[in-house]
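Only one structure is covered here, and it is reproduced in the block below.
Lettered A, B and C in written order, each chain numbered from 1.
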Amino acid sequence: MTDDNKTDRPGDGADNSQIKRLADELVASLGPDDRLQHVNQAFLPRRVEVIRFIELLRQVVFPGFFDEQSVTPENTHTHLAGLFSQIHAVLYDQTLQSLCYKKNIRRAEVVAGRAGDECQDHARTLTNRFLDTIPELRRLLALDVRAAFEGDPAAVSTDEAIFSYPGIDAIFIYRAANQLHGLGVPLIPRIMTEYAHNQTGVDIHPGATIGESFFIDHGTGVVVGETTTIGKNVKIYQGVTLGALSTKGGQSWRGMKRHPTIEDNVTIYPGATILGGETVIGEGCVINGGVFLTQSVKPGHTVRIDHPEPKLRPQRKPRSKQNQQQPSEN
Amino acid sequence: MTDDNKTDRPGDGADNSQIKRLADELVASLGPDDRLQHVNQAFLPRRVEVIRFIELLRQVVFPGFFDEQSVTPENTHTHLAGLFSQIHAVLYDQTLQSLCYKKNIRRAEVVAGRAGDECQDHARTLTNRFLDTIPELRRLLALDVRAAFEGDPAAVSTDEAIFSYPGIDAIFIYRAANQLHGLGVPLIPRIMTEYAHNQTGVDIHPGATIGESFFIDHGTGVVVGETTTIGKNVKIYQGVTLGALSTKGGQSWRGMKRHPTIEDNVTIYPGATILGGETVIGEGCVINGGVFLTQSVKPGHTVRIDHPEPKLRPQRKPRSKQNQQQPSEN
Amino acid sequence: MTDDNKTDRPGDGADNSQIKRLADELVASLGPDDRLQHVNQAFLPRRVEVIRFIELLRQVVFPGFFDEQSVTPENTHTHLAGLFSQIHAVLYDQTLQSLCYKKNIRRAEVVAGRAGDECQDHARTLTNRFLDTIPELRRLLALDVRAAFEGDPAAVSTDEAIFSYPGIDAIFIYRAANQLHGLGVPLIPRIMTEYAHNQTGVDIHPGATIGESFFIDHGTGVVVGETTTIGKNVKIYQGVTLGALSTKGGQSWRGMKRHPTIEDNVTIYPGATILGGETVIGEGCVINGGVFLTQSVKPGHTVRIDHPEPKLRPQRKPRSKQNQQQPSEN
């Protein structure tokens, strides 16, 4: 509603007694239930800052593609050093928050200087370690980009893949989150991969292990579970699930290998589902679309299913006049 | 393109005669076709303000998680009261727009003070009623968050679920939109759930009815239709469709019960499809992945399908040399 | 982290020697690998500007729906002319970048006035040509909006469809991108459709050909490949793939017709998969949910599959006590 068509807005006045009552009610509810609030209890990372970290990191691993500023031979070094410095600052802050949160350190204690030193040292160590992995991250992503280009007949250049492929963005964010997950940084890795999930429809748990030259085409609906292991040169398509056999056990299953192992050079076509921690898809296998697997496959096999026979029926009348009660699966 | 590499930009000058001609053409087309413009005809809600409403509401129902400002015991009450006040203002404005829109009140009449009073009263009533439902919304979401944590072995804390689970975000937005839908607020509820759909890949119509402790894992591709009824403690996974048997009738089907009923304690695994307004899935049922159902299931049953037998064929040659014409289902 | 709870932040100081070393390492890696950087090599379009172009264009084709400013009969012409002018400026800039990029013109040469004139002329021509297609774009979108409303019993108005349907947004962006693709503008069309993919879960290649009155319901998981041809009045649902039989050939398949042809008045229900460049779905066909097709269907047929028989097993014990090892397809 723009200023010029705002009426006199009696609504703005609101009902102060209602608002006071609602605030009272919510404050009262904060006590008993510790699941929905963090009032003075602990630090928390901020999602918007985690996203800023992702954006800064993207500029470092794909120099020149996503920068506000033009990158030239003269300014490259300064530009990259500046980005590294910003990444350090943002990641340190968010890691510190996450570590304080995990140790349940109260804010008042940190402000009073009675706690948090240990977290600060730890946050600094983890941040420095992460920064040291960035050149390797960049090397891995170059291989992923090449795999995307070589695997997709619709790709016109590797630049197009970097600019626009959701698979590349999902893999970039996963690879960075997986490093932080490996270093033991709490919360942040999952916030990162769920941000990627939001953006791309690809849901990779930061705990999954994925080798070089990984390509996800189209991507929407892909799920890769926490304890999945994927080798080199693997290619998967939209709607592929690498999942657990059952999650009925809920929290009692934590930490167990629940998701499959995919060896090198495997291709998994759209909508295939592979389940279970003991399921191993051997080197070089091709899993065709719609296949449902809960057992291992030896290396070098193509796995397919007989799709249900399509049954054709001629339409006797114009479609709009037909009985509308028949199943049509919307 | 940064300033320093802008050339002299002859493009900016554009061709004024072309622009005038195009504007003429568009203005001329506004008359006959009333589907694509709202020039002085009616008020419309603004999507960006509806999203701001969602963000403010998220801070109230999950205090301390998404706030710009730190929430402490000292400032909690003031902070929440401030949020309620902002929520009231934004929701009142957008509701007023939507009501004027629905009544097709012309802007000129409102500006001239000849119309809109009734809408203002109505908007105020609806806004106040919605605010009164917020404590209950918060109670329901606490149960949803607990269901998410308890149902997912990969979850490390309820905080992680609040911060990052798309299912939690989709349910939060649905529950708020459903309240507004029930109050008869036009347009806004659907804008809200389609925003959630954009963010999470979960498409829940605001008219659906969903009980306590609902959990959606992974979420991408979930569709829950307008007349669906879901009981308590229900858990669904990615790619589940709760849909209509047919929509061939289009608008002639409006208002009928077209979507299924899911009773308490049901689990529906990935990719299952359940269709039809007379289909009832009884209490405690487990519907396995890929099941396609258009009939009811009595309480206490597990429903599965025999997945098509995977057929293995050894690869005689290296994959890259094979005949590339065989179906591989990309 | 808000200012008031920032600690003394030893992390900000970072380790300058680490940062210098990392910048050195990255600069050194820029030489050998030309896939991951564009340092002084070429111009590149900017994704954020391409998105701005989409947002401006949306205001022109749906006047009054997404504008910051109220549109009235008095200001319509001026308002639209202003939008056309902005669209011209943004599109010209980004097209110029893309053309220089494609010709691999070095930035230094353009700045020095030694190159780029040809690209500037070409960018101006392409921008003008695109602008001339906007009235036709608007006409096509009016038909798409009507198809969405008429085809969906849950739709309450065409306005709701414009405001909130992901299918409408995906089609709008595709139709604009397809025009630019046809004009030969590099990179930008794919950035546009992948932005739509991010927002809606609908992945339409800008090279696809799609007739009037196209409707995509729910949308998540839809894939429409580069060489797909779709006729008039076609309606598709979530999870439909119009794809290639195989992409094992990778780049060797570029330019071939790899995706199906869908004739007029066809409806394709959720999760159906239609593959192959020689596959033609004839006029008026209805393809039911889950159908998998790699062969042509003559006009006027309904195609369905026998879904696998659901098998029911009563649960002897409360669900939580059951053996948790059975496959449950998560």
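As a working rule, a residue touches a chain if its C-beta (ideal position, glycine included) is under 8 Å from a C-beta of that chain, and two chains touch if they have at least 3 such contacts.
Remember, it's a predicted structure, so these values are computed and weren't measured experimentally.
Different-residue interface: subunit B and subunit C share under half of the residue numbers found at their contact.
Overlaying subunit A on subunit C by C-alpha atoms takes a rotation of 120 degrees, rounded in steps of 5. Distance between subunit B and subunit C, defined via averaged C-alpha coordinates, is recorded as 20 Å. Looking at subunit A, residues 5, 70, 107, 201, 217, 220-221, 239, 243-244, 247-249, 252-253, 267, 270-271, 273, 289-290, 292, 307-308, 319, 327-330 sit in touch with two or more other chains. Against subunit B, in their complex, subunit C makes its touches with residues 2, 4-5, 43, 46, 49, 60-66, 70-73, 76-77, 80-81, 84-85, 88-89, 92-94, 96-97, 107, 110-111, 116, 120, 123-124, 127-128, 131-132, 134-135, 138-139, 141-142, 145-146, 149-156, 158-160, 162-166, 199-201, 217-218, 220-221, 238-239, 243-249, 253, 267, 270-271, 273, 275-276, 289-290, 292, 294, 307-315, 319, 327-330.
Residues of subunit A touching subunit B in their complex: 1, 5-7, 9-12, 14-15, 18-20, 22-27, 29-30, 33, 35-41, 44-45, 47, 68-70, 101, 107, 186-187, 190-191, 193-195, 197-198, 201, 203, 205, 207, 217, 220-221, 223, 225-226, 237, 239, 241, 243-244, 247-254, 256, 258, 265, 267, 269-271, 273, 284, 286, 288-293, 297, 300-308, 319-320, 322, 324-330.
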